[in-house]
Amino acid sequence: MLSVEMCWGQAGIFTFGQAALFGLGGYTVGLITKNSSITDIGVLLLMAIVIGAVAGLIIGIFLFSGKRVGELYVVLVTLAISYIFERLANSWTVLGSGNGIPGIPSPTLFGMEIKSIIGLFILAFTVFALILFICIFLVNSQFGLTMNAVRDDEERAEFFGYKRSRIQIVVFVFAAVLASIGGALFAVTESFVSSSMTGLGLSTTIVLWVVLGGRGTFFGPLIALAVLQAVNTKMQEVLPSLWPILVGLLLVLAMIFLPKGLMSLPATIRESLRKKSSV
Amino acid sequence: MSEIKKVRFRRSAAIATSLAAVLVLAACTSGGSDTAASADNAEPVKVGVLTDMTGAFGIVGKSNEAVAKFTINEINANGGVLGRQLEMVLADSATDAAIATQVASRLVNQDKVAVVVGGVASFTRVAVRDVIADKGNTIYIWPASYEGGECSTNVWNTGSAPNQQVDPTVEHLLAEGNKTFFLAGSDYLYPRNILARVRQVVEAGGGSIVGEEYVPLDMTDPSNLVSKVLAAKADVLFEVVVLPGTAPFIKGVVDGGYKGKIAGTLFDEGINPLIGAQAEGLIGVQDFYLSVEDPFTKSQVAKFNEQHPEAAGLFSATFNATAWYRSFYLWKAAVEKANSFDTAEVNKAMDSVSLKDSIGGPVSFEPGTKHVNLQMYLGESKADGSNVILKSLGSIKPLECK
Amino acid sequence: MSAQIIRGIFDVLSLSSILILLVIGMAIIVGMMKVFNMCQGELVLLGAVTGYLCGIYLGNLWIGILLAPIVVGLFGLVLERTIIHRFYINPQGALLATFAIGLVMRETLRNRMSRQGTPVDAPIQGSIDIGGASLPVWRIVIMVVTLLLALAIGYVLLKTNLGIKVRATLDNPDLVSVSGISTKWMYAGTYAFGSALSGFAGAMIVPLQTLYPNLGYDNLILMFIAVMIGGLGQFAGPLAGAALIAVPGAIIGQFISPVTGQILILFLAIIFMRFRPGGIFQRGR
């Protein structure tokens, strides 16, 4: 999810394709553990990073080098890539023909097997914290400022001598790597990968988190994620058939009244109160 | 990143697990197993019911839920299992593998169910079986006719295996004098495995395959495939094109003037209404049709429709209704045979349990196969969606896990 | 053999006319208005539902086909005035909001349905025999209707006073509002018109498919690609775009597996769009 936030919130690249890259990371781990005895989490993550980076680079160069393309085109291509990847995961026997790859073994670290739930949690949390740290560092660095500049005004940024395409590609690759790591972690903690984690469903869910959380902030989406998921699990039990409809309505309302996300809620309320009191 | 939520959940699950372990330990040391068992007597046993209440298979989930309620109520009304009542814990797997593992993990680690029955699609089974049967060390019953090959420990299959549906269908068609077959399916594991079995039986029986084609899962207008089928002029079209493609495909073939027979594994009262009038003449084999004359079956189905009007018309073999029904009873039989709810003991007992009466006819586990011997029926569909039984095939052995 | 060729040609015509019919509404909303309308598929779905309900309760799908554009058009009008109009300045917002609207519509239908899908019978059943190939009449009707509809709308947009006003509004709303035309209602009307066309398409094609919640959504990516290939800012482009992906798709599908064919077409479309971002009728830049 950080990956979309990075791409969209910080650099203004709107993408629907993160699930394909998420799936790519997951399937990479699945295939490696299935066909070899490698279970070391370091090696697995490294492979996921490499694969994610290569895929991100190819798509990134294709999308952003040379003449600039419209943002609708980016959305459409990333959508199509998600779609193609889901198709492949469904039909290709190597990828389990829709059943996915089950039975991925517990990961090992320096020869030690991380089997317990707490161990897996610590692993996921460490990687996550590390990524969050790198993200915050990047956003606040010179590069981050450049990135925001490109988002806010491509032409002006270019005028100042920043290479738009190069920056967009770097961000896209970075986001692809993050998604791929996410997929790899998902695979080792859940011990399976399947086509439903590559499809349009996940892509749109991720975008939903970022929207509700507010783009341009890191913690907004994280909070939205935590709240939404907790609510989600509960609601799916209480109102199984009505819940998806409510999610949609919620999203429409959020788009209209909270275009900046949940994080802006306090500020928005303060704003409207002030307006009222001043009237 | 979705792991955050999962790990959060896992953490609380872990705490719950360790707490429970301490409690169990305390119970054991203080009283020994006898007192523990008698103290439990009043407590109901939790039974996990996992199905897709939402998403693409939501309608199947509706049927599954009703059948599960019906069966569990019936067992409870007759004294429960080993004197204990069953308590149904329903979990929605939402037609999504990732959600399925979450809810499965909750059933096993939080609710501590004695058994999980469930799953609609194979990807759900594959995703949850590790959580339930392997890591969770809990009996998992997979109640669906599927592509075959599920032989994991603690996993028991109560739906029909490919050979139980495919072999009699193809043998019937060959015996009628049909020689050439065209195979068509949606592009994923189930159709591919079913059609591989068809090919094997056709070729062994002296027939020939004149074409084999797959369409994408969500293809809504399979005109190209229709034209290929019409051009091939095979005696038989064996099709496993799943929804939403089924109706347009069969309509196209029938309206296009196809003269041969159409056979498949997914034709019955549950699916035929989606095909419409073109369902006339479709051939297939199922473990149950509404027209099965067995008195136990007839009275049970009538009772079901009366108690569950919300799911009336959803009691069909393709919605796995019969497999769900027998799943609970087979498990009950195994528990009673083992005189214990312990996974290892039940697992041992399960291998050879049988039911004299079940909806569709008697059923028993074929020892060593993890699959069931089933009464099968050769049926032909009518335009109104109903099916006439051409032949009662008797009990057929599953050819799995050898 | 010749029957096979006739059937092959018929498939190409039929598949392209269906995609064009589906794209007509989108050509207006996405192509001309440049609103990235993710709920276009659900507008088609709503049309299909209207058709189906009329078929059931009034016993006549013809009425449904006539009523569908009215119902969906009014729905589009309400949608535009309540929600969509807020997002003209924010295309990404429009995309997400319409996606959410689509989700609501889809899930509501799923909630209301008692089956996974329902077959709908065409008002004209049967097929006619040409050169040994029997061709379904309803598909022929769709071909003719699509052709007439596309020509009629093209005529209205290019030749009539109303069409000129609409195009002017979309090209330069400020200038137009100065000249005394209500751009607000122009936009709303255009959106409603695009919705109505999608609703009509839905009622027309539902007899060939099954009425199920993802009816529109499953076609959405292809529809979008058709519009993008055709190019934004015009009406004819998207229709040509639809033909450009449906024709080779249908031809390829006759020789290789439809699965590979579909992926291949998507790839080619992506690459084509990369090098001709303005679409087929791109003017030299």
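Should a chain be cited, it is by its letter among A, B and C, assigned in written order, with residues numbered from 1 in that chain.
To be clear about the criterion, a residue touches a chain if its C-beta (ideal position, glycine included) is under 8 Å from a C-beta of that chain, and two chains touch if they have at least 3 such contacts.
Please read all numbers here as calculations on a predicted model, not as lab measurements.
Asks: Starting from the defined contact criterion, work out which chains touch subunit A and subunit C both, please.
Replies: Intersection of subunit A and subunit C contact lists gives B.
Asks: Relative to subunit A, which chain's C-alpha centre is the most remote?
Replies: Most remote chain from subunit A, centroid-wise, comes out as B.
Asks: Using the average of all C-alpha atoms in each chain as its centre, how far is it in Å between subunit A and subunit C?
Replies: Averaging C-alpha atoms per chain gives centres 31 Å apart.
Asks: Quick one: report the Å distance separating subunit A from subunit B, using the average Cα coordinate of each chain.
Replies: Spacing between the chain centres: roughly 35 Å.
Asks: Please compute the C-alpha centroid of subunit B, do the same for subunit C, then give the distance between them in whole Å.
Replies: Each chain's C-alpha centroid was found; their separation is 38 Å.
Asks: By residue number and range, which residues of subunit B touch two or more other chains?
Replies: Where subunit B meets two or more other chains at a single residue, that happens at 58, 187, 214, 216.
Asks: Note the residues in subunit A that touch 2 or more other chains, in rising order.
Replies: 87, 91, 241, 244
Asks: Specify, in ascending order, the residues of subunit C that touch 2 or more different other chains.
Replies: Within subunit C, residues 110, 259, 262 contact more than one other chain.
Asks: Name, in rising order, each residue of subunit C that touches subunit B in their complex.
Replies: Checking each residue of subunit C against subunit B gives 4, 7-8, 11, 14-15, 18, 110, 113-119, 121, 126-127, 133-134, 136, 208-210, 212, 214-215, 218-219, 250, 253-254, 257-259, 261-262.
Asks: How about subunit A: which of its residues touch subunit B in the complex?
Replies: These residues of subunit A touch subunit B: 1-3, 87, 90-91, 93, 96-100, 102-103, 116-118, 120-121, 124-125, 128, 178, 182, 185-186, 189-192, 194-197, 201, 222, 225-226, 229-230, 233, 236-237, 240-241, 243-244.
Asks: Could you pull out which subunit B residues touch subunit A in their complex?
Replies: Answer in residue numbers: 1-11, 13-14, 17, 53-54, 58, 92, 94, 96-99, 101-102, 122-123, 126-127, 129-131, 134-135, 187-189, 192, 214, 216-217.
Asks: Going by the contact rule set out above, which residues of subunit A touch subunit C in the complex?
Replies: 14, 62-63, 67, 69-73, 75-77, 79-80, 83-84, 87-88, 91, 204, 207, 211, 241-242, 244-245, 247-249, 251-252, 255-256, 259
Asks: Which stretch or stretches of subunit C touch subunit A in the complex?
Replies: 36, 83, 86-87, 90-93, 95-97, 99-104, 107-108, 110-111, 221, 224-225, 228, 232, 259, 262-263, 266-267, 269-270, 273-274, 277
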